[in-house]
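Across the two complexes that follow, chain A remains constant while its partner is chain B and subsequently chain C.
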Partner chain A sequence: MAFDMSQVKELFRSIGVEYYALELDATDDGASIQQVLVELTNQRTVPNVFVNGTHIGGCDATYQAYQDGSLQKLLGDNQITEPYEYDLIIIGGGSGGLACSKEAATLGKKVMVLDYVVPTPLGTSWGLGGTCVNVGCIPKKLMHQAALLGQALQDSRKYGWQYEEQVKHNWEIMVEAIQNYIGSLNWGYRVSLREKSVTYLNSYGEFVEPHKIKATNRKGQVTYHTAETFVLATGERPRYLGIPGDKEFCITSDDLFSLPYCPGKTLVVGASYVALECAGFLAGLGLDVTVMVRSILLRGFDQEMAEKVGAYMETHGVKFVRKFVPVQVEQLEQGMPGRLKVTAKSTEGSEIFAEEYNTVLIAIGRDACTRNIGLQTIGVKINEKNGKVPVNDEEQTNVPYVYAIGDILDGKLELTPVAIQAGRLLAQRLYGGSSRKCDYINVPTTVFTPLEYGSCGYPEEKAMEEYGKQNLEVYHTLFWPLEWTVAGRDNNTCYAKIICNKQDNNRVIGLHVLGPNAGEVTQGFAAAIKCGLTKELLDETIGIHPTCAEVFTTMDITKSSGQDITQKGC
Partner chain B sequence: MADPHLTKGIFHTLWHHFVRTAQSYHGRPIFVLFCGDKDAEGRSWCPDCVTAEPIVRKELHNLPDESVFIYCLVGDRPYWKDPNNEFRKNLKLTGVPTLLKYGTPQKLVEEECFKAELVRMLFTED
Partner chain C sequence: MAQRLALQRLLSLPARGSLASHGRALGTSAGRRSTFNVQDGSDFQDRVVNSPKPVVVDFHAQWCGPCKILGPRLEKLVAKLEGKVLMAKVDIDDHTDLAIEYEVSAVPTVLAMKNGDVVDKFVGIKDEDQLEAFLKKLIGA
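This part shows the complex of A and B:
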């Protein structure tokens, strides 16, 4: 009790606030005052703290009020703090952070963005723009395109193109071109922030006090900054396996897109979309690729589609080792690339797998960057299991002046457009008088594996769980893209299905397509789904011919009918 | 203007002269300001270049040590408008004035060159 008393006094002293302390054991009326306090506040213990007439509580409650800013508000802002240096400080200069900062600046606010990339264990780093621009969507799609062009070259001979040379791929030329483009994006963001008068610091930000962060740059120089409002947009980084040799010898997607040498014979560990997309384009560029999967492919995605994605990869040069986990990575020879020996154990017995590779790419998941930014100092709660930040539907954390957006949100989608939308709408709500919230329902996505998979709405399993199998009608079909016919590529491989809710006018609640340009195909249907697309509306829509997307306008075979969907003719 | 073929020849030399100059400073940061040619009175046919030049000059003291600043004229208006001119083809220049850090994607184009703080950012930050 005495300890608590002095803690509270110390707190007020540290923030320069004068307090009056009534020591109950030093007053004659002590006991009766204590009784009145119980009646007034339901609190029997001391210290019992009041600020400007408002009851706060004991020591813990007072500290909590200080951490979440309500104490300062009661004291009247000007009494203990100078005005904040910024209206808004955003930690993280990725898709979400930049979108939010630019919107807030456009609305006239004084904004600071901190962006800092902690180098990978192998020393890789990058510029402003976050994961998507530097080590995610952008380089991924460009490398996927490089692989598709390789396939197109093969197809071209069937279309009459004749050339003698054996076509080979040069990794270094591709990486240089891609990195050049990324560099122009990094620069573009710098110019854009400068033009909008957003202060940008290439520094690591962490909270040291309520409303105050410490910024440390590459050279270790420290500055402090305060703001009325903060947004956490720190994103994620790849998770390692936690086995001997992982950080010393393995790479992740953080390293792959700027790798100065061709990775050679590669083992990709993981079954995430990152793992499958990377394995896909590496194989497409002509490399020997193996994917090691612990259990299922593309957890969280429609499993029928996931297995089809994997099956296509398997028939197109990607080896799969399923139900194994690596236990050790040893270096046999240094080099660019070197030689690594991977030992793995079966998840179902004692079988051991050992094989040599030039490169091991770990893609087993990503962890939120929330553990070392001082959140505990200011009382922001995170989900201890995954490090992610729970927020309400306005992206606000448990601390009222701290918001969070992007990949670090607990229970939300990890996608660039979602982060951008959330960031923009947040700024508009904070400073533009808007009340529009980010809509996380029916967000379309695409996995850019060699055969692309686009989807919007429910995976079939989740739809069945939510609505009951008997209340759903699933229409499906195989299709053969016209361009594949002359090229002699697989028929009866591309696949499309829609999941309809029979109880709601056959509303389309899930749409899935496996085929070329799946992203382009899916985008328009996402808008239709937002408008309440039904099977009938789809049937009334006339298709564009000849395209892949038109299959959605003529689907009439249901899964429940058991009819064969193998294609024979046109 | 003189015989167009002869004119083309002169500017062809200009491009090679630029490349040789840049190469001679290989290893040092090189900043280049590309502007339209000036007439006998010293005025450029490109009004934006006229605006940008003094602004860029005022920031030159912010250039990092060891760096080199090249002021390069890209020819008369007809030559510049020709989509096949060497500067467009080889350096992907899209407009004048262009201020860039040679060998990097960092550049400022047209009205961006009017903003002193952007020029300063180009010169001082990496």
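This part shows the complex of A and C:
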């Protein structure tokens, strides 16, 4: 009861409403008041809450009224309602924030977007557009492409190209070209916001009161702004190890894509797709790369595919140190790059690993930027364990006028197209009279490691957990891309599988492919899966020849049959 | 204020060498003098909007490839006109407000300004003949 009482007081405090609390156990006629309350309201328990004379109920009822807005309506008469400066303020100018803002502006609303990049420990910063554009998908794919071109040069000789020169890679030329492209994207976003009359502030936004934020720019100048509705789209930043030397000497993906010097011999710490993709292209550019993995690769992804991704990288020169965690990074020599000494401990014993590297790249995960934006001031709940924001299926937080989209959502996918879709649909629901919700099921993804991995739907383990192994049929095959034959590249390495639900017409509930252009291959099948693709429909579809994708139309060996899938010829 | 007016009058004089001491113009050779980098909004006001001579304004960006070709090409032709036209260079990332005020979307964007008004404009790279015609029109008209 005391807990409920303080909960209710906390609620009113968080929305800036003055309350009068009558403590029945501190009043002489407390018992008789309690009796009258029962007669009036049929409620014996405390707290018993009244707003402007209207009976609400206890703690739960009060929270409910706050959630559905009826509490605010009751309070409305008492408040001097000043019109809000904006209809919508969005904190974060990344994939989600920008998409939402432009859609809302198109629907005629007055919108403000705040975007501010807190520099990395090494001082790296970037412009408008968020992670994807500046330090994520875009530069990643371009560097992956640079590495693939290196491989293509090697293959070219087998196709008859003859040249004497030894081809080398120049890191600085690549980074300059990529940063120039990103610069044009940053500018493009500024222009598009201006064209849609969205106000843009390059300032750090934080809540100071309900419906009000404080915006601080780079020079420390402060302005305040109010809005009827807010959207949190602050994204994430790389997590550090928390060991001596990590922030002073190590870099993260935030620094890698604009690094003004070649990283040289690199240790990548982590087994996320960020770690593997970066390790992959660095090795592809000719650098000496080691990946230090604590336990498994690509947590959350299909593990059979993850191990194959790792195996390919290993046969192509990437070293793996498994079941070790770094405990210390020391600087032996300053420089561009310098020399660092890394000491690591085994997770299964007392073995120590020590080695020298030019660069250490930490890619062990990303943390949501929700801890320092004043959410506690207005009562927005976050998941204390990971800092992410729990929302309902309309992206609404526990505070009705505050929504959240993108990487910061608890339990949702961290992908640009998901954030964009969620942002657009949210604006349409808020201002366009739509009721369409974002569909988070069967979202396709691709990991751009040296051998790319595309997937849509369930990983095999999750499918077995959900449906039971006996109710699934998994079809699979190895394949040899035609382009690799003349080039003399690995056969029996590329792999594809589909997971079908026997109880539902052999519905395809998971599709996985490891091979070149995996992203391009997977996209179309994602649409088919959305249409309810079954094994039969897949078999009825005629393949395009010669492609890699056509393997999905002729898959007939099942895992359960135990038959050999090794390819022997055409 | 008075200092700025005096400076402005000085800038419009064909006298050589005197500008070098003010440290604003690029280099000291006759050719480079007619081109300058805009420092800020009030600098733009003084040297472009309030300029008695027509000014060609080159909006460019570090990340823009074509800008790196157009810039020197335009500078060379402006220099040949020996002070009849001045050229102001504006980096749109350093001076975003200015770029937005003049509605720059893509770069390079070149404006021809006379007595504070935009009298001509083009976007994208141009060859020498086209640039010569552009400049001729500006001083002629």
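Everything that follows uses one rule, which is that the second predicted complex is superposed on the first by the 496 of 570 C-alpha atoms of A that agree within 3 Å, B and C clash if a C-alpha of one lies under 4 Å from a C-alpha of the other, contacts with A are read in each partner's own complex, and residues count from 1 in each chain.
In the analysis below, contacts are C-beta pairs under 8 Å (C-beta built on N, C-alpha and C of every residue); 3 or more make two chains touch, one makes a residue touch a chain.
No experiment lies behind these values; they were computed from the predicted model shown.
When both complexes are superposed on chain A, chain B and chain C clash. Once chain A of one complex is fitted onto chain A of the other, the partner contacts of A:435 are absent, as it touches neither chain B nor chain C. Contacts of A:180 after superposition: both chain B and chain C are touched. By the document's definition of touching, neither partner reaches A:42: not chain B, not chain C. With both structures placed on the common chain, the touch criterion links A:166 to neither chain B nor chain C.
Contacts of A:191 after superposition: both chain B and chain C are touched.
When the two complexes are overlaid on their common chain A, residue A:52 makes contact with neither chain B nor chain C.
Residues common to the contacts of chain A with chain B and with chain C across the two structures: 180-181, 183-184, 186-187, 190-191, 194. Those residues of chain B lying in contact with chain A across their complex are 104-108, 112, 115, 117-118, 121, 125. Listing the residues of chain C that touch chain A in their complex gives 61-65, 92-93, 96, 100, 105, 107. By the touch rule above, chain A contacts chain C in their complex via residues 127, 179-184, 186-187, 190-191, 194. Taken together, the chain A residues at the contact with chain B in this complex read 180-181, 183-184, 186-187, 190-191, 194-195.
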